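These are the structures in question, set out in turn.
Look for subunit A in each of the two complexes below; its partner is subunit B in the first and subunit C in the second.
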Partner chain A sequence: MKIALEALNKHFGKVKAVDSLDLEIGDGEFVALLGPSGCGKTTTLLMLAGIYKPTSGHICFDDRVVNHLLPKERNIGMVFQSYALYPHMTTFDNIAYPLKLKRVRRKEMKERVQRSADMMGIGDLLDRRPAQLSGGQQQRVALARALVKEPAILLFDEPLSNLDAKLRLRMRGEIKRLQEDLAVTAVYVTHDQVEAMTMASRIAVMNYGVLQTYGAPNQLYDHPDTLFVAGFIGAPPMNFLEMTFKERDDGFYLKSQALEIRILAEQGALAKQDSIPQRVIMGIRPENVSIVAERDGDFKAEVYLIEPLGREDLVTFRFVDEEIRALVSAPFDGRIGETICLKLDKEKAHLFNPETEVSVLRTGNGRSS
Partner chain B sequence: MLRPKLKPVLAYLVLIVPSSLIILGFLWLLITSFSTRVEGLQSLGWTLNNWRFLWESPFGPQYPSIWAVTLNTLVMSLIMTLIVVVVSSLTGYALSRMKFPGRKGFLSLTLILHAFPSVTLLIPIYFVLLWIAKIPLIGRDVPLLGGFGYNTIGGVALVMVAFQLPFGIWIMKGFFDNISWDMERSALIDGASRFKVWWQIIMPNIKPGIAALSIFSFLTAWNAYLIPLTFTAGRAGKSAVLSLYLQNFISESVMTEWNAVAAVGLFQLVPVVLFFLFTQEALLNIYGGGKKGGV
Partner chain C sequence: MKRRTEKIGERGKPPLPVLLGTRNIGFSRMRGQLAPYAFLSPTLILVTLFFFIPLVMVFILSFTKLDMTNFGILEWWKPVNWSLDNYVKIFTNRFLSRILGNTIMYVAVTLALFNVGMALVIALITTHIKRRTGFAFRTLWFLPRITPVVVYTMMWRALAGPAPMGVINKYFLVPLGIGGGEYLLHTHPWVFIFLVNGFIGASFGMILFASAIESIPKDYTIASKVDGATTWQTIRYVELPMIKWPLLFVTTYQTLSLLTSFEQIMLLTDGGPGLYQTEVWSLTAYHRALTSYFGNTQWGYGAAWSVVLVIIGVVMAVIYLRVFKFRELVEEPKIDQL
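Right after this comes the complex of A and B.
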């Protein structure tokens, strides 16, 4: 089922929880709503579920406005962070509850409950109560309950946040696979950008109730539209340096107290078109900062902190009063306090207007390089 | 500092001293009720005479028997418990879950009412009950209850309900507050109506709260004295309850038969003690909050 949100607003008193949100979700698509807590993503989800009524705007399922429909009339399944199982019912009764309310015949109900429990691998736990299940098992019961009514839309509200790291990784894969197998439209709310990146076909990043950007994970990672998206997506996060933009005869330069680099001509041209070309914020991901021999380097910096991540080491460098972090292949053989030469991959640099916080490279359909 | 072994000993001492005082009182009650006379805790002769009230009215045949009075007390306590639990759980749910104008005001008002000494309201309530007594059908002549007006079991229960409700509403609201919103939302999405959610999902999960409130209300009603005394006329009249029956033994004109008082007191106490033995766990819940469930 297709979902379309048109100029959707939700106000709680004076607080704009969701501010004129436009979003289209294709049939069978897996979309993640990503953002920090309080950004309006859960509010959006609850409006989709029919728990909250929008203040204004439209919610359409397959071109039909469903604003006025009650939750039970929307044919959705939802999985909550707290699992929201019914503690006084057995696993079987929990999963069967939606079917009971639909007055499905006893025999068919049994079959369907068994089928969806088996699908989640909890077929042998049907007579237990939620309190007798582990967190991961409870999560599976919640999933089975959401799936048993064969919903047209699956909604997830941070379903993996309460699981331990290992289990989270496994459930992440299972949920993704399940969604692909069933080809059901899914909306997944999370504050964890890794979850969003790995699971979703498209990510909608929200902040303060406003949609920041909407696109495929790689698109958001490689070409973030705003400073917020650039900083939010990617771990470890992107480095930001405040620079002055200069045009000289031989090309375009970015300059700060400690460093001056020449940027690509296309980037420079786009930055020049922008309204405030004098000052820009340059963003560069840690993996695009590399350690080089002295003659190839852009600038020198002092090693301040080394954080081993296993396959790579995350090294924080200091120069003048700025910091930059680099991902280098492990083991990093430098010592703290040592001065080392660094080079930035200019092709991967991002430039943002410091006033509007919008990428200056966005105009002209992204970058050409 | 205290050595670790000494600590529990000290705790027991602190607890034993005050509780032994109370236990002594009950012991005296027990011994006295089976004695002709006592000196301290020593019986000066055993007898069953004090328990005669069980089969004949000590004040003469025109007065109701202890069993009629016990039935009265039971009916009053059950009626009060039922109304308090039903009204509190509906009100508590609404106050916990719904947004409506005046919600906060209502909550603080009930809290103030709870803190209000009931004695100050006795006279106005007397007039209210007199007025209710004039209403046909419910005022008088309801079987078992007598009605809901002055000098009826129903009337006394009504007043007790009014005084108990603020407490009940707050307790139930607390239990509802402990139930996660997600569970309710999940049930709504699963296809339940608001009422079904309340009845099938929420209520089973606040059973400990309902149990605790029922017990608490029942005990309050069973032991009530001031309100039945004020709103029933004729001290051993047909609408009397146990606490009033007990009071009949103590009068200014005749020597008080303390041994009989002890026996009746014990009789009133027995159901309460039994009740406590079986329900103390649920009763403790009232201060412990709701069931945590499967999370």
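Right after this comes the complex of A and C.
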């Protein structure tokens, strides 16, 4: 089922929890709503579920406006962070609950419950109560309950946040595979950008109730539209340096107290068009900062901290009063306090207007995608 | 605390004789063991003085014929003077079935319609509307409980009064042509007994149920609605089972407190207007023990009525625990790894 949100608003008193949100989700697509807590992602999800009524705007399922439909008329399955398994019911009764409400015949109900329990690998736990299940088992029961009525849309509200790291990784894969097998439209709310990147076909990043950007994971990673998106997506996070923009005869330069680098002519031209081109924020991901021999380097910096990550080491450098982090192949052979030459991969640099926090390379971004 | 005292003793005063050291340890150990009892003692003393001793006394009294005429003469504490006569007298009383019937009706109707029923309805309504409005309604419902019981009951007597004084008669029944404006406590005593007790009783359950319903995590009700339930189905299948504990507690507690309550009935009808028409068990105990119907106050006989009431109450509580499957509620979880 296709979902379309048109100029959707939800206000709680004076608080704009969701602010004129436009979003389209294709049939069978897996979309993640990503953002920090309080950004409006759960509010959006609950509007999709029919729990909250939008203040204004439209929610359409397959071109049909469903604003006025009750939750039970929407054919939705939902999985919660808390699992929300009814504690007084057995696993069977929990999974059967949506069918019981639909007055499905006892025999059919048994078959369908067994089928979706087997699919989730909990077919032998049907007589247990939630308190007698582990976190992972509870999560599977919650999934089975969401799937048993064969919903047109699956909603996930941070379903993996309560699981331990190992189990979370496994369930992440299982949910993604399940969604692909069933080809059901899924909306997945999370504050974990890794979850969003790995699971979703498209990510909608929200902050303060406003949609920041909407696109495929790689696009958001490679061409972030705003400073917020650039900083939120990617781990370890992007480095940001405040620079001054200068045009000279031989090209465009970014300058700060400690360094001066020449940027690509194309980037420079775009930055020049922007309203406040004197000051820009340059963003560069840690993997685009490399250690080089002195004659090739852009600037020198002192090793401040080394964090081994296994395959790579994350090294924090300090220069003048700035910090920059670089991912270098392990083992990093420098010592703390040592001065080392660094080079930035200018092609991968991002430039943001410090006032609007919007990428000045945005048009270039549009062209490339 | 014990260990620290020992250490200080050892480290602080090394040259002292060993004997003194051990005595110190012994004293502090004893003090450590006594400390909990010291903290418990105020309650223990109060409970002993005002609960256990009276309980035992009432139990003993129930086997004696102690009353105002033989007070100071009858040695009621001596087993020689004990007999089952009072109990025989109760169970051969020709009004027993009427008093028992009254008690069962009084407790069952007040409990079902008001103390649990109405309490649950108000709690459900006030938790499913705007929070502030709900809170205001619940506050209103609390008024009967915080009004002094005599004032409150007298207000009801005034309401039930005959025309033209009684409010209900003058403004409702007479204009509508219902009844002849008689004193309503004479024509419909039970209705008023239920109302007077129920309006007080409902607030207790209401507060407990409302807070229990409000403390149900939102996810459950959202999940239920997404699963396809209407509000009523969500209440029926999710919310009510989740407030089983307060339901059990209020039902049990209110049964016991209704069984033993008689002051509203005493002030309202005093068991009348007909002979034993609204007399309940606890009121009988009071009448026998503490009022002088026939020129004497039959403490022993009244105590026997109370003891039977206590036994009824205990039996009821045990039945409730069975009905609500208390064991299942406290079942041990079995958790294993996925």
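Heads up, the rule we're going with is that the second predicted complex is superposed on the first by the 363 of 369 C-alpha atoms of A that agree within 3 Å, B and C clash if a C-alpha of one lies under 4 Å from a C-alpha of the other, contacts with A are read in each partner's own complex, and residues count from 1 in each chain.
We take it that a contact is a pair of C-beta atoms (placed from the backbone, for glycine too) under 8 Å apart; a residue touches a chain by one contact, two chains touch by 3 or more.
Please read these numbers as outputs of a predicted model, since none were measured by experiment.
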item	value
Partners on subunit A (subunit B, subunit C) - clash or fit	clash
First (subunit B), second (subunit C), both or neither touched by A:Ala301	neither
Partner chain(s) touched by A:Tyr97 [first = subunit B, second = subunit C, both, neither]	both
Which of subunit B and subunit C A:Gly136 touches, first, second, both or neither	second
Which superposed partner A:Leu21 touches (first subunit B, second subunit C, both, neither)	neither
First, second, both or neither for A:Leu167, with subunit B first and subunit C second	second
First, second, both or neither for A:Ile51, with subunit B first and subunit C second	both
Which superposed partner A:Met78 touches (first subunit B, second subunit C, both, neither)	both
Common ground on subunit A, meaning residues reached by subunit C in one complex and by subunit B in the other	46, 49-51, 70-72, 76-78, 80-82, 84, 86-88, 97-98, 101-102, 129, 131, 133, 145, 149
Touching residues (chain side subunit A, partner subunit B) in the complex	46, 49-51, 70-72, 74, 76-78, 80-88, 97-98, 101-102, 129-131, 133, 138, 145, 149, 157
Subunit B - residues contacting subunit A, complex	180, 182-183, 185-193, 196, 201, 204-205, 207, 291, 293-295
For the subunit A and subunit C complex, residues of the former touching the latter	46, 49-51, 70-72, 76-78, 80-82, 84, 86-89, 97-98, 101-102, 128-129, 131-134, 136-137, 140, 145, 149, 155, 167
Complex interface listing, subunit C residues touching subunit A	217, 219-220, 222-230, 233, 237-238, 241-242, 244, 333-338
